[in-house]
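Labels A, B, C, D and E are assigned to the chains in the order they are written; within every chain, residues are numbered from 1.
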C-alpha cells in the first residue's frame, strides 16, 4: 500500500511536471515562466537536503497540529452533537471561526499569542480541525438505536459511552477522515509558515515565490508530496492496527 | 433555528470583540493596535453598505464554488472508494493536490487558467472540496450489507445504485457535511479573492490588512458571519426538505 | 493604426495611488487617443506581468527591476520601456522618538524588519554590507503583512511603501501621539530600481509603432496625473478605482508619489541606467542571479 | 405510570407491590397513515408472570409494546401501569457494542448482586462457549439469548420481550422460559411470540389480537402457565390452543 | 459449481437439468477461532424441493449455508452443486432501500415475465396493504415476507432461506410454504428454521445437525414433504419428529 501510494504520487507529480513542460515547449516559454527540466534538476540537487530538513520540520509541526485538531474536533463534535442551546452555540462558534480566512484573523492571533510556535500551531490546527469536526459531528449526532437502546432504558447511558459506541461503529469512517486530515494539517502548517514563520517549507516556498522561482516551488512540492505520502501511509497503518486492537482486545 | 443561529453568532462575535477590547485596556494598547469601540462603530456605519455588497458578491462565488466542489467530491469520492488501482490513484491525486498550499500552486493555476473567474472558482472549490471528499469517501467505502446483499446476488448492483444506497442511509451525515462545507466555500472564496480578485470581501480584507486597519477587518468579519449564518440556515432547511422529500416521495 | 487593436496592460499592484498614472490613462481616454484599446488590469503579489507577456495574457505590464533582471537571467525576452519610480518607494518607517538615522552607522543595534526573500531584504543587506555593519550588529526581524510587532515596539524599523502605506501609518501613529520618520536607502546611495513598464521583445519587433503609441499615451497620462494643477482630477479618478482609501489619505499619497515619480521638470519615465546597473550589481552580489545579464541592453533608451 | 392519571379500579392498592397493567380504549395510528393499528383496545393483565401478546404478523403487537413502555405517544385511551416503575422493552435486533467480548460486557452491566444469578443463567441459556466471543461473531440465536440475559439481570419489574427468542431453537427456548419463570416469579413479562404451542403452554394471560376491524379488537385467553415442576394437562392445553386459534 | 472439481457420482448427468447438492467431509472453523463449527460433514440432498437445515442455535446452519453459496471460503472438503448456476442466500435481517415504497421497489426488481406471479403471491403473503409503505414502516414479519417475495421472483435454482420466515405467524407461514411448493416445484429450497413441526411436515430432506462432537456430525432425515393437496399421515409425521429429536 505504502509503496503503491508513493509511486502513484510520483506518477501524478511527473504528469504535472510534464504538462508544464509541454506547455513550455508549445508556447515557447522561457525558463523564467516555466523552468526547463535541467534547471529543475539542478535546483533539486542543490536544494534537496535543505528543503528536506524544512519539510521534516514542517511535518513535525503538522503532526502536533493534527493531534491538536483531532482533540479539538472531538471535543467540539461531542459537545456540538447535542441539540441543546450550548451545543448549538459551540457549533455556531466552531463554524463561524472556520469561515474566517486565516489570513484575516492571523493578526488577532498574533496579538493574542505572539508570533512564536503557538501561533503557528494554532493556525495549522485551525485549518485542519474543521473537516474533522464535520465528520465527527455527523457521526456523533446519529444514534445507533440497536446498541444504545439497552443503555438508555437501564439508565446507563453516559455521554462517554454514547461517544464510544458511535465512534466504534464508525471506526472505518473516522479512520478515513483522520488519515485524510494529515493532508490538511500539512497544508495548514505550510500556510502558517507562509504567513508567520521563518522556518519550514512554507517559508521556503514564500521566498521562492518572491523570487519568482518556480523550479524551487516544484522541488518543494515534490518533497511535500513524498513526505505526506509516507506519513499518510503510516497513519493508515496505525489506523488498521488500532482497529484490530480495539476489535479484538 | 435560523434565528437562534444568528443571535448565537452575535453573542460569539461580541464576545470576541470584547476580548480584544479587554486586551486593549489591560495591555494599554494604543488605537492603532486595536481600534476603540467608537472607531469600530464609525467604520461600521461608513462601510456597512459597501462591505455588504462585497460579501454578497463573495457569497455568490461561494455558492457556485460549493456546488462545484460537491460535484467534484462526489465524483472523486465515488471513484476513490474502490480499492482498484485507478481508485487509489485518484485518491492519491486528490489528497496530494490538497496538501499543497493554495498560495504555492496559485501561480501555476494562473499560468494554466489565466486570472479570470475560472481561477477564483477553482481556488474556492479546491479549499472546499477536500473535507467533503473525506466524508464522501468514508461513507461511500463502507458497504451496507443488509441492503446491498440482494442486489449483489441478483447481479443488479451498479455503482449508481451502490452510491444511492449508501448516500440514502447516510443522508443525515451528508447533510451535516454539506451544510458545514458552506463555511469552507466561503473561506475558500475569500482566500481566492485575497490572492487573485479585485472584488469581494476578501479583497477588501486584504486592503484593510495592507492598510493595517483592524476596524475594517472586524466589520468585514461581522458581515461574513451574519451572511454565513443565514446561508447555512437556508442550507439546513433545504437539507431537511430534501430528506423529507426523498424519504417520503 | 486602427482603434481595434486590443491589448492588456498588467499592473504590478492593485489599483491605488501607486498606479495613479495608469488609471488616469484608462479613465481619460489617453489610449483611445493613440488608437489602442487597452484593458488595464490590477496586479498583486501573485501576479507576474513578465510571465503574462510570454503567455500572451498581456502585451504590456509593470514589473519591478529585480523581476526584469531575474527574467533576463532566465532567458526571458523582455524589454523595459520606461521607469516609473525614480526613487524606490520601498523604505523603512521608524518612530521619530528614536535617534534619527543620519548615517548608516546609526543602524547598529536596531531591530530591523525585513521580508525574507523580498526586495527589502536585498536592499537592507546591501546597505549593511556597504556600511560594513556585520550581521550580528543589527537584529533582523521577519516581517509579515501585520504591523503589530512594529506598533508594539518590538521592531524599530519596518519596511513600508513610502507613498501608499506611509501616509496611513503616519496618520495612525500621529493619532496616538507619535511622530514618524522614514529611512530612505536612496539617501545613502543605494538606488534599487522599482516599477518599470515592460513589454516583450516580440512586441518591440513586430509592433514597434503600437509600443511607441502605448508608451507615449501612458507617460502623458502619468505626467498629467502628477501635475499639481490636475490633483483634483487625479483624486476623483482614484476615488473610482480605489474606493477603499479615504480621499484625504489619497491626497497625501498622491503628493508623495509625485515626489517619487516626477522629476523637477515635470517629466516622467526616465530610465536611470546607472541605477539599473547598480541594481544588477547588487543582485549579483547577493547571488540572486548567477551571471551578469547586461541589463542595459534590455532598456529602451532615447526619446 | 405512563400516559394516564390515577383513576379506575386500581388506585385502592395500598402499596406499590401490587402490580397490574390496564388499558382502556386505546386507539392508535402512526403519524401520516390512514389505517388504525387498533381501535378501542381494552384489556387487563392482572398479575405478574409470563404474559403474552399473540397475533398475526402486522397486527400491532410491537406497536402496543412500545405504547406500554412509553416509546410511542399520541395514542388515544388510557394506559395504567400500577406498581411498576422499572420497565423496559427489548427486541430481537438489539446488539452489544463490539469493542470487547460478550463476557466482559456482561460483567460491566450486571450489578454485583446479580452475579451469582448470572452464573446460574449462562448454562441454562447455553451460552458458556460464547462468553469469549465478540457479539458480531455469534449466531443469530446466540445474539438473541445474550441480549435477553442482560435484560433479565437488571431487576426490571416489567420486561417486554419482543420476539426476543425468535431465533432460538425450541428446546433451548423451553428451558430458558421455564427457568425464567422459576427465577423471576415477581416480574411482569410480556412475551411476544409467534409460537402458539409455546404461548399456550407457558403463558398466563395471552392477549390475542384480532385486528382493528373486529370488536373487541383483542381478547385475553388464559394459558396453561406451566412451570418446570408441572405436568401438562393435555386437554386443557388443547382447549387453550383452540381458544387462541378461534380468537384470531 | 463452487469449491469443487467435477468428481464423484454426479458427473454422469447428461444435462444441467438434474440438480443435486453433495458435500463431502466439510470441516470449518472461523479464522482466529479454535473450535470447529463442523468436522467431516457429509451429506447429500438429491432432489429439488423444500429441503431444510435443522439444529440447535449456534450449531452451524448459517455457516453451512454461507459455504454452500460461496460466501465463506477456506473450508476443507468438497462441495458440489450439480446443475445449479443461479443460487442465492437470503436472511431475515435484509432490508430494502428507503427511498421509495415497497411496491415500487418490487416493480423495479421483478422481471416483467414474473409480474403475474407476483400479483398471485402478494395476497398469499398477506402483503397487499404493505405495498404503499416504506420498508422502515413495516412490522418485522412484514419485512421478512417482502424480502422473501423478492428473492422468489428472481428465478433462482437454489434459494437458501435463513430464518426468512422466523418472525411471521404460523398460519401465514404455512400458507406461504405450501404456495411456494406449488409454484416453484423445480427450485431447490434450503429452509432454515427452528420449528420442528413445520420442518417435519413440509420438508423433503432435513439435514439435522448434531454438533461437531458427534459422528456423523449431521444426518439427513426424510420429512413428510406435504403439499397443499395432501392429507397428513399423523403416524409418519410423528415418526419424523421423533427421528429428528433423536438425531439432535
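Criterion: a residue touches a chain if its C-beta (ideal position, glycine included) is under 8 Å from a C-beta of that chain, and two chains touch if they have at least 3 such contacts.
Quantities reported herein were computed from a predicted structural model and do not represent experimental measurements.
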Shared touching partners of subunit B and subunit C are A
Sorted by contact pairs, first entry is A-B
Cα superposition of subunit D onto its copy subunit E, rotation angle rounded to the nearest 5 degrees, comes out at 180
Taking each chain's centre as the mean of its CA atoms, subunit C sits from subunit E at a distance in Å of 85
For the pair subunit D and subunit E, the C-alpha centroid-to-centroid distance in angstrom is 29
Taking each chain's centre as the mean of its CA atoms, subunit C sits from subunit D at a distance in Å of 86
The distance between the C-alpha centres of subunit A and subunit E, rounded to whole Å, is 51
Going by residue number, subunit B touches two or more other chains at 33, 103, 107, 111, 209, 248
Going by residue number, subunit D touches two or more other chains at 93
Contacts with two or more other chains occur in subunit C at residues 46, 48, 51, 55, 146, 148
Pairwise, the chains that touch are A-B, A-C, A-D, B-C, B-E, D-E
The answer for subunit C against subunit A in the complex is residues 46, 48, 50-51, 54-56, 67, 70-71, 74-77, 115-118, 142, 144, 146, 148-149, 288
The answer for subunit C against subunit B in the complex is residues 14-15, 41-42, 44, 46-48, 51, 55, 57, 145-148, 151-152, 164-165, 168-169, 172-173, 175-176, 243-245
Per the touch rule above, subunit A residues touching subunit C in the complex are 27, 29-33, 35, 39, 106-107, 110-111, 115, 195-198, 203, 206-212
As the complex stands, subunit B meets subunit E at residues 146-147, 149-150, 153-154, 156, 164-165, 168-169, 246-249
Subunit B partner, complex, touching residues on subunit E are 69, 88-91, 93-100, 109, 134, 147, 150-151, 154
